[in-house]
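Look for chain A in each of the two complexes below; its partner is chain B in the first and chain C in the second.
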Partner chain A sequence: MRIMVCVKRVPASGGAPQLTEDGRGIDTRHLSFTVGPHEECAIEEAVQLVERFGGSVTVLTVGPAEAEEQLRFAISLGADHGILVEAGPDEVDPQATAFALTEAIRDGEAASGAPFDLIMFGNESPDAGHYQVGVRVACALGRPIVGGVKGIDVDPDAGRVRFRRDTPGGAEVFEAALPAAVAVREGLNLPRYPSMRGRLRARKAEITELRPHVPAGGLRRIRLRVPEQQRPETVVLGHGASAAPAVVDLLEELEVV
Partner chain B sequence: MGGVLVLVEPDGGVESSAVALAFGRVIAGGLGELLGAAAIGPVADGADDALPALAGGHGATHVHHVRHPLLDDYSPECWGEALAQLVAHTEPRAVISPATARGTEVMAQAAARADLPLATNCLTVSPDSRAWQLSRIRQGGMLIEDAELTAGVVMMTIAAGAVPPDDAGPTAVSTSGTAQVVSYTPEFDTSFVHSRVVDRSAQESGVSLTTARVVVSGGRGVGGAEGFLPLEELAKLTGGAVGCSRVATNNGWRPHRDQVGQTGSKVNPDLYIACGISGATQHWVGCMGAKHILAVNTDPDAPLVTRATHAVIGDVAEVIPAVVEEIHRRARRT
Partner chain C sequence: MNASTLPVRADVVVIGAGIVGNSIVHHLADLGWSSIVLVDKGPLPDPGGSTGHASNFIFPVDHSRELTDLTLDSMRQYEKLGVLTTCGGIEIARTEEREEELRRRMSSATAWGIDAELIDAARAVELVPFLNGELIRSAFWTPSVAVVDPLQAGALMREQAAAVASLTVAANTEVLGIDTEHGHVVRVRTDRGDVETSTVVIACGVWSPRIARMAGATIPLTPAVHQMMDVGPIPELAVTGVEIAYPIVRDMDTLMYERQSGADLEIGSYAHRPILHEPDHIPSLAAAQLSPTQLPFTASDFDPQMEDALELFGSILDREDVGVRHAINGLLSLTPDGSPLLGETPEVSGLWSAAAVWIKEGPGVGRMVAEWMTHGTAEIDLHTADIARFYPHQRTRAHVRARTSEGFNKTYGIVHPREQWSSSRQQRLSPFYDREQALEAEFFEVGGWERPQWYESNRGLLDEFGIDDRPHEWDRRWWSPIINAEHRAMRDRVAMIDVSAFAQFEVFGPGVVDYLQHLIVANADRKVGRLIYTPVLAPNGGFRSDLTVVRLGDERYRVITGGADGARDAAWFARHLPADGSVGFADVTSAVCTLGLWGPRARGVLSSVTGDDVSNDGFGFATAQEIEIGTVPVLALRVSYVGELGWELHAPFEQGKLLWDIIAEAGRPHGIVPAGIGVYGTTGRLEKGYRLMGAELSSEYTPVDAGLAFPKVKDHDFIGKNAYLRAREREAVAVLCTLTVDDHLDSTGRRRYPQGGEPILTPTGERIVDRLGRPSYVTSAGAGPSVDAYLLMAYLPAELAVEGTSLLVQYMGERYPVTVARAGRVPLFDPDDARMKA
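Coming up: the complex of A and B.
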């Protein structure tokens, strides 16, 4: 199986976001970066599928030159190739992102003469959260795509795949013909950590770089704001085990015991 | 032809559909346009009246009921293509849907097929002749983005927590309270590529994380899978559910369905008890909807402690068993 995984470089901070002075973006000077948990699971699943059925995993990103770091991270987890579509430091809108990804995938498929059996996305990017880039790429390539997926069952010989996802009332299973696309959610699997060997491999791996012309889409970010939240004065009920009566008083007050 | 079109979910999402309709009504009113609704696929048995009542009750004059054998069960591609065709057919100024999982998926499919931009998770929207101004949720709720949308047809999904805007003056909406149903049948090529549902199952019963009145959650500070036993006991005594942070999930201490946060579940209990959880923003956005938050943490400066309504400073492994014991002691006394 040949699998393509699309990943995005995003800030990893667990602290309150610091905005730039003009409010147009996040001050990333002191941040470290990562790929989102959904995409980590996409990489893990792709690597597991190739371990089982053979083939290769390519990771693809649209972003600044530094996004190379995220491609190397994916390679350290077992991906084989990395493609960086260099788009500069500013955030790219979802239509343009999808356009750039689609072109890169078309190039890759033309070079090998065969489609990627599975193109994988995260359900949503952790920072922008547009919930649409995967769908746009799949539509442009004429592939089926299911989102929110937490279970993948591929039958390469039969040329079909099943996707399971949770719904508000339970779960549903979809079937599609290969080649297909999927947007996955964290919980699909438990991603591994990079191995020593993987890290070495990632350091040496060659990254393909592309710089296509990408037309802008219709959604334009103007500024970011931190929503107002009231900060209650925290009532400290006590220290250690001796706080238990005060905690149970609270539970009784809220009528939950 | 104009108008504002709202995609509704008469079966699964009446509440969120109502919020989207309220937005649509105000936008239509402001533009002096008609409000219409669209529903795709069959409505549940005996619910034939629900559709015109839901739409009409919110001021829609008409409902497009989109039917085709390929739409009899849910399929993202078929539903999205059907909506794209309806949009091409009716040429509305704007298309709005609730930001439910399904609503978002169908809108993304339709936008992709119609080659239109799509703004998801919007909180506010104001039409403008040049570009529509909107604000939308980012990072699961930690940030708000102000954005501009320029498009022939404006497509957006409305966030679950969005507050419908006040009525914007005179509207061209229906006052009869029930909307006229108009059937629409899209066309599909025989080679149309799509996925289809082959199996459905219902949830196992039990207290669900997203509806529980109390959630007892644990993070790294719980120390391991066994460390969750007292938390489970406290959840049982309070009729609550057990949640966790991503560290607990990643270490394999809890299944991912227990995870609270940006990539887990959002919870809205009366009381959220956060045990040994630091309160990273990605966790906070999952629990900030709780009415009361009790943080149990050894660190008095942990972000969750400073943001909580109540706190106990101390070791989870001592505090929670003592709370459980105190509940038992009071039960014996009465």
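Coming up: the complex of A and C.
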């Protein structure tokens, strides 16, 4: 199987997000970068599929030059190739991102003369959350796509794939012919940590860099706003044994007991 | 004890609730401080500083006695709190050079009384079965190495403090300002109210410089990154079911460590490039991804170390199912010389620093700083950690960054005791510098001054005096046989020595005699022109420093002290100035240069360039006179640290080169040589048995121990007098002795030379400790070219301090016979001082 996984470099979450002075972005000076949890699962699934059926995993990203770090991270987890579409330091809107990804995938498919069996996306990015890049790419390529997926069952010999997604009351299962696309959700699997050997391998891996002209999309971010944070206050419920009833009340209120 | 409002007044406000702040609070409470406020901007129990992410292991053996003592004290405290787990530790040598270093470590372990053993690879693998034994040449095994829980220790310390004192713990409280009046702390302002106080302790780790600046003080440290990662899960570790079951491994040659942490192996490194941060740029609690001192991991810096770890621990790390689960760039505090920053800040009275402290020293530092704040002195001598030790240029950001960048990779490095820094050099140059450079001086640094250690231009003297080199590279590193040749030329003829690095102060005014009487042991009220050598004592009767005082007038004195001690001494003298303004203080170091002229022909040289009477009758020993040398007005002091006839010539700085040229020219017919500090500080000094502050002299020894007690005690009260009197009354506990090495040959037939710090042992190899628990070790070592012996100084218990007693010194894994040549201060060379007084 040849699998393409599309990932995005995003700031790691941790403390309360700090905004840049113009209020249009997140101040990332003290943050590390990562791929979102959905995409981690996409990488893990792709690696497991290739471990099972053979083939290769290619990771693709559109972003700043530093996004190379996320490609190497994916390679340290078991991906084979990395492609960076360098689009400069500014946030690229979903339309432009989809355009760039589509072009890169077409190039890759043209070079090998065959389509990727499966193109995988995270369901949405943890920072922008537009929920549309995967759909745009699949649509442009004329592939079927299912979103919100938490189970993938591939039969490469039959050229078929089944996608499962959970609903409040049960699950929906879709079947599609390969080649296909999918947007997955966290919980699909339990992603591995990169091994030390994997990290060293990733350090030496060659990354393909592309610099196509990417026409700007139509979406502009005007401003971000962080909700007021409540300063946590310590409330002393009591001292010694006499505090027990208050503690029990609180635990009940929190539905812990 | 947790409060949302602060008391309006407190005896002391401690800022920072890491291991250091908690320990200080605990010990201050024990020592009777009744109202204490502990403030931290972060939450408890982990406010987000370095204490919260440290590796928490303790290797007790260090070459430095002070640091080792602080560590041992800390281990006792952690153990008493029940938060110490002993696991043992192995330091691995992959190279021959490191094996030699481990043998040196063995000497330190013996000297400081710590059980340790050199082991082979097989034994190391037996202790930690996952090690790749093929990489190991040998290892240093310390069974007492332990891990501790400093957060739990802090919580317990706060509880104990609250039980005996009124303690207010204010977490989530930001310090907004520290107010001072007339140079003294008066108030701490916070976002929960102000606290009036006359004592503030800054124990804020990486944030300390910021907080100190609020009061107008400097704490010269920089936050720096130490990288670490957790790798796992490793089934072999998981099955132990405990936090740590295997000894901690320090892979010394790769500057790394590996320790079990539950099912994971934690890997830390001091090998990556120095990554410094600015205290002002540390993220706030809100902005930090993990915590303010756990910054995003920069993988590319760590990659080479990962390969080293895979090589050593391949059997458990080189697996696809063992992953990197956590990795951080942890912040810690680095200082220009690697030592902590403790004590009252020289800029602001009542403002104390307790910063740049590692987990392994935290509780001990807390106890010592609390003692210092309470009694004016601490049980363990802390002069190398005294924050007052820095000269102004050493407090600058540029200096701090240069030296910490250079020092970071020395954390696990092999550092020669004489090793010189290469960064931030050429800071203070005497006016003789150009001449010295032309003479191919090898410059060593003290207090920022460049001083010739020896002159390559004197190489020809080696043949003249038949001086041999040392066969072992370690023994001759940062050394030259030329030093011994310069020494012989001085003793035979005459030498000129640049001693401009002296720190010099003038104190003056109507109250000056009383002021000095209060500070020094010797009687200051001598006639004008008199030189006074004197100890300066701490309140416990131990040494703060030793220095020379010259009475220049009825109400004016010059104080001359060593370049290494000048900043601390300046702070001490300035702090004790009377409030009524009756004494003035001026640091004249930068106004004065000093050229020493010593040797049997010194009088011949000097008399040829001055019209003043420099005969013994006209210019007696231990006196000072203003003389003229050509157009240079010179303050000449008839004194010598090398035991020769001669003078210190103090001249206006800008006329220094002129003075040098006059003396060099006049000295030529007398066979004058330039000589370096190798002679002044070591060979000449040791032959004369002169004691050096920081080597023989510390606050743990009294003038009686050091053989520097005066025959009479003056009536006037002075700091340390009561303790001094007590020390005089009791029987001597230890005596400072000069020993000679009887046989230098090691087991391979090579001559070896101990360098200082080595343990002195009984003839049967037993460690020697005096009644007060103070170990016998080499405080100074060096050649005595004119007594044809290699000399060691060491304190010995009174019963062993008998001339002719045979003992051993342990150096690089072997033992060499030594003999007590002098017990007490009578010098080996020219015991009657006839030459000096000629």
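Following the convention adopted for this analysis, the second predicted complex is superposed on the first by the 232 of 257 C-alpha atoms of A that agree within 3 Å, B and C clash if a C-alpha of one lies under 4 Å from a C-alpha of the other, contacts with A are read in each partner's own complex, and residues count from 1 in each chain.
We take it that contacts are C-beta pairs under 8 Å (C-beta built on N, C-alpha and C of every residue); 3 or more make two chains touch, one makes a residue touch a chain.
Every value quoted in this text rests on a predicted model; they were computed, and no experiment measured them.
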item	value
First, second, both or neither for A:Val146, with chain B first and chain C second	first
Partner chain in contact with A:Arg203 - chain B first, chain C second, else both or neither	second
Which of chain B and chain C A:Asp127 touches, first, second, both or neither	first
Chain B versus chain C as contact partner of A:Asp27, first or second or both or neither	second
Touched partner set for A:His213, first chain B, second chain C, both or neither	neither
Chain C versus chain B, contacts on chain A by residue	B
First (chain B), second (chain C), both or neither touched by A:Ala16	both
Chain B/chain C common contact set on chain A	13-16, 229, 231-232, 234, 236
Of chain A, residues touching chain C in the complex	12-16, 18, 27, 29-33, 69, 192-200, 203, 229, 231-234, 236
Of chain B, residues touching chain A in the complex	12, 74-77, 80, 101, 104-105, 108-109, 111-113, 116-121, 131, 135, 137-151, 193-203, 213-214, 237-240, 246, 249-250, 252, 255-257, 259, 262-264, 270-271, 278, 280-283, 288, 292, 294-295, 300, 303, 305-315, 318-319, 321-323, 325-327, 330
Residue ranges of chain A in contact with chain B within the complex	13-17, 36-38, 93-95, 98, 126-132, 135-136, 138-140, 142-148, 162-163, 166-177, 180, 185-187, 190-191, 217-227, 229, 231-232, 234-248, 250-251, 254, 256-257
Chain A partner contacts - residues on chain C that touch it in the complex	2, 4, 43, 172, 231, 283, 285-290, 295-297, 299-300, 303, 306-307, 309-310, 317-325
